[in-house]
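Just below sit the structures, each encoded as structure tokens.
In the two complexes below, chain A is the common chain; its partner is chain B in one and chain C in the other.
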Partner chain A sequence: MASSSSSGLTFKLHPLVIVNISDHYTRIKSQSLPPSTTPHAPSASNVADAESSSPPQQSPRVFGCVIGVQRGRTVEIFNSFELLFDPLTHSLDRAFLEKKQELYKKVFPNFYILGWYSTGSDAQESDMLIHRALMDINESPVFVLLNPSINPAQKDLPVTIFESELHVIDGIPQLIFVRSGYTIETVEAERISIDHVAHLKPSDGGSAATQLAAHLTGIHSAIKMLNSRIRGLHHYLLAMQKGDVPVENSLLRQVSSLLRRLPAIESEKFQDDFLMEYNDTLLISYLAMFTNCSSTMNELVDKFNTAYDRQSRRGGRSAFI
Partner chain B sequence: MNLNMNSVETLVAQIQGLSGSTSDVNHLHTLLKQLEELFKSESSRLAPLLTELDPSIHSLGYLYILEACTSAPISKEQASELVLSVGRFINLCSAEQIRVAPDKFISVCKRFKDQVMLLEDPMRGVAPMLTALQKLQYSSEQLTTLHPDFLLLCLLAKCYKTGLSILEDDIFEVDQPRDFFLYCYYGGMICIGQKKFSKALELLHSVVTAPMSVLNAIAIEAYKKYILVSLIHLGQFSSSFPKYTSSVAQRNLKNFSQPYLELVNSYCTGKISELEAFVQANNEKFESDKNLGLVKQVVSSMYKRNIQRLTQTYLTLSLEDIANTVQLNSAKEAEMHVLQMIQDGEIYATINQKDGMVRFLEDPEQYKTCEMIELIDSSIQRIMMLSRKLTDMDEQLSCDPLYLGKAGRDRQRFDFDDFDTVPSKFTV
Partner chain C sequence: MDIEQKQAEHIDYFVKQASNLKGSSLGNLVVEATSHPSLFAFSEIISVPNVLELEGTENAAFLDLLRMFAHGTWSEYKSVASRLPPLVPDQVLKLKQLTVLTLAETNKVLPYDVLIQELDVKNVRELEDFLINDCMYVGIVRGKLDQLRRCFEVQFAAGRDLRPGQLGSMIQTISDWLSTSDNLLVSIQEKIRWADNMSEMDKKHRKGVEERVEEVKKTLSFKKLQTVSRPTPSSEGMKRSFPNMV
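Up next is the complex of A and B:
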């Protein structure tokens, strides 16, 4: 069903689309769960009951349209909206779609319907029907698929873009889905809002300690990633120097320009101020460690005095037995 | 039981045979322990066996025989030979083997020290004792019984620097409290000798505040020196004890150091003449405690203290005025004092020799340098390690049944805040 596309179109996806799809899916999924989730009691007599009252095992599929701009060979998908799927006719709600399209045209005159989206792990045969239905609006629609199953090992986004191509299979020309690559494109406003969504804090704000911990964890992972990237680059350059890897001048030029950008400010005054601030921070950590240590020591001394010093405790709480 | 030549041969053969791996050595150790009585009775005849054994390989066997040999009373002529042979043994022996029988090793070293003192040549004992100490320790954080003996030899031989090198290590484990008291006391004296007053203060403070159930003489002497060093180094002395001092010390130490506490009082008045008069009056007492040298240093530190007090009032001052305020004899003396203090880093000042004025400055440290960063960083690392150790100790102590018994007993039966199920009477 999926090989790589040969149409030569470059796709650019905005993160807003991804957030929209995921939001739609999450809403539908949480709405479809019954209000009281009864635990499944696996006993032979109750199997039938259990099956009928259990929440839907497979995740619901959500559908919608994606809109954007196509300039030459570049297809940029900006936004998306939701659609209802009619399971009887296996098609999307056409009237609603056209109404929505009119409304969007008023606000964004440049945007066209570029295709549709859905959720699931892979494209299915039935999706081709929907795809064909949209072909009268856009002669080559795209199909954006979001995989809602969370896979912690996976590093990439679970989003795939499919195109349709006419291939000859068993002598019959058929439309099949082929995967295409895409890049993520953002505007500054989008980046800020996505960042905001990504760093949602617990609703009560947490204590200062958890906030600090979350903040520091973020910084730590960022520095770790920077470190690993630099190390990778360093290895590559060493290999190039040794001759294991063919020399690539364009890469070397990029690296050298990066390095030349590095000491952003280099002056005596900056050094002084920087070192003074650095020392201040170190002194504060030192003070914090000191306080921590003194408090532990204090508790230790109290315990020791209670346990071992026979006549030391006068006053305080008397034995109340 | 008579030790005939056959059993001697077998003994030597056994020692030579069983000095290989750790299990062999342990086996040998049990054998030797069984033969202990034998060793005691036949000590005189065992000496020639030493020639057949190699101290570096057969350390354990050599140790036992050596210990038996030295247990007999030794005349002065033999002492010198003995010192040589024991010294040689200490240098050559293998650390793992002697750690199997630490008490024997310690008794050999103690007798070595006695012999060295008998010969009135403590210098000969310093190096071997240092090697012995290092071989006996499991880690540099452990205090062995040999530490105070080593420091005593250093004191008697006046080689303070070697002693200082051992004092640099932090101690976390102590076997015997008496060792600890002696170690800190001698260590304090060595530091005083080297004029490292802050470390001396720290060590003497440890003696005074160490846990003790009965008052001991070491603590009393240490307290006297502690008062004096505190006056020299800090210019003041607070007679209140920190709360981790044992109650025994808190109640009794002051009774034994009356003249010193009065010295503190007259020091605090700030008048040199009074101080000197007081010292003169109590000369014999200080002499008998062998603290007269320290007391003299206290008097000379009075000048320093007064000059330091001047830095807080004046920005510039002439040398004449300094001499007058501090009750020195002449401006020249004042200049010498101020110069010495600048060199020691106790004050920051510049002397203008043309018009005899002294300008007092602020601490020039700006805390901007990379060396300062490294200094702070290493301090942070040290304190993190200390903090970890303290938390471990705290946890251990919380589980101590003695502590739990006392803590449990004192809780009110029903605490209004928490109705938890800790029994009010905790019977172990």
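Up next is the complex of A and C:
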């Protein structure tokens, strides 16, 4: 049912939408588990082991609407909200959709309903009914599908965008889903939050040493990049000096103003502040170590007393357990 | 940076003008260029062939003036003022601005006294007004004024035209910077390795301690098996005293 799209529209997806869909799915999934099992479900993960007591054979499908802006041939999907799916009539809750649409219009007057989303591994026939239902709001809605199963070998996002096209199959014009490519577009705020989430668990270990190593590695790569840029500038200036490249005064002026900012960390005030902060940190860790040691000592003394002090009393213990 | 972008069109304009004019009319152009409020770069104009022709002619003074604006400071001007044509107030202002840029070349922290002397202003108030209005708002310098310590900390200063020998020293500075950052990279890698080694050692130590605790536990339970066999009231007392503990 899915071939490649030929409509020529370019899709831009914001990470907020992906996070919203996975959050919706995770919530519904953890709410549908019986209360005896721990509702421990990190986002977008299939908690296979928790399904042992009451296995929902197929993961619940969640539905919702995506909204955004369409400018010319570019469709940019900014946000999404959830909808209730009525399994009896196989349709989405229309009244709620319209109410939500009105509310969103007040806050974001530019955003239109661009389509809908769901979870699952592939688009199905019944989805076409929902798609048709949305066609009166938007003449060509998009269908965003999130695949919630985790595949460690998979390198790209498990998100697919489908469009509907009128194809002639067996002499009957039918609407079928065709896949489209998309790009991820981020706003500064989204970039910061995604970066934050990505760095919560740097690797499987979480000990102080690995975190330190991860942080240092980050700094290392940043400095390496700076290094390569400066090296490029250096070569260019050498070439200019030799005469291979025509002298460009504007660039030289900029470079000289840049170099004037060096040395960046030499001033006396910096040394003072830096040493003060360094000493403060050392002091704090020393103090923490002290507290640790004294509490361990305290425990040791308590155990010692419990073990050996009762020998005088009748019925004392014979050995330290 | 943005100064360069702002200047680019002015530079183009003046270069075009300069290539069209000749001789004494260039004098007027020079005065116009040096009084222009947003133009701080003169080396392009100097390199226009018509301007270079002025060398040695009676209008050579204008070429010298242009060169003074490109590389010199206010005090240098005052020492050779007799040879150069008189300056209109706009030019005086510009030369003072360029003087600030030159001073910022060598030091990042400029004491007020030096600035007052170099710029020929009478007091701190005038100096600060000049710095704020004519340097920072124009955008050629960015920095902080520290009145308590009477100095001006420069964070950014636009570049002036390069003297012929400056390119060499710039290249030297860049290569020094490169070697410093290389060393820094090496030391960061060492630190990473140190951190990994430390965590390895810590894990081994922890394992060693746990193994020893296990061993001691085993030997103790051995001993306990041997001593518990005595049927004394002490064992009953132990049972009674148990609930009181822990």
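One rule holds for everything that comes next: the second predicted complex is superposed on the first by the 183 of 321 C-alpha atoms of A that agree within 3 Å, B and C clash if a C-alpha of one lies under 4 Å from a C-alpha of the other, contacts with A are read in each partner's own complex, and residues count from 1 in each chain.
As a working rule, a residue touches a chain if its C-beta (ideal position, glycine included) is under 8 Å from a C-beta of that chain, and two chains touch if they have at least 3 such contacts.
Since the structure is predicted, the reported quantities are computational estimates derived from the model, not experimental observations.
In the superposition on chain A, A:126 contacts neither chain B nor chain C. Of the two partner chains placed by the overlay, neither chain B nor chain C lies in contact with A:291.
Touch counts on chain A: comparing chain C and chain B, the chain ahead is C.
Once the two complexes are laid over each other on the shared chain, residue contacts for A:26 go to neither chain B nor chain C. Legend: residue contacts after superposition of the two complexes on their common chain; A:74 is shown touching neither chain B nor chain C.
Of the two partner chains placed by the overlay, only chain C lies in contact with A:233; chain B stays clear of it. In the superposition on chain A, A:306 contacts both chain B and chain C. Of the two partner chains placed around the shared chain by superposition, neither chain B nor chain C is touched by A:154. Within the superposed three-chain model, A:110 lies out of touch with both chain B and chain C [touch as defined at top].
Contacts of A:282 after superposition on the shared chain: chain B is touched, whereas chain C is not. Comparing the two interfaces of chain A, the one with chain B and the one with chain C have residues 306, 317-321 in common. Against chain A, the residues of chain B that register as touching in their complex are 211, 213, 243-244, 246-247, 366-370, 372-373, 376-377, 379-380, 383-384, 386-387, 390-391, 393-394, 397-398, 400, 402-403, 406-407, 409-413, 424-425. Partner chain A is touched in their complex by these residues of chain C: 1, 4, 7-8, 11, 41, 43-44, 47, 104-105, 108-109, 154-162, 166-168, 170-171, 173-175, 177-178, 181-182, 184-185, 188-189, 191-192, 195-196, 198-199, 202, 220, 223-224, 227-228, 233-234, 236-238, 240-241, 245. Interface residues of chain A facing chain C in the complex, by the touch rule stated above, are 207-210, 212-213, 216-217, 219-220, 223-224, 226-227, 230-231, 233-234, 237-238, 240-241, 249-250, 252-257, 259-262, 267, 306, 314-321.
Interface residues of chain A facing chain B in the complex, by the touch rule stated above, are 272, 275-276, 278-280, 282-283, 285-286, 289-290, 292-293, 296-297, 299-301, 303-312, 317-321.
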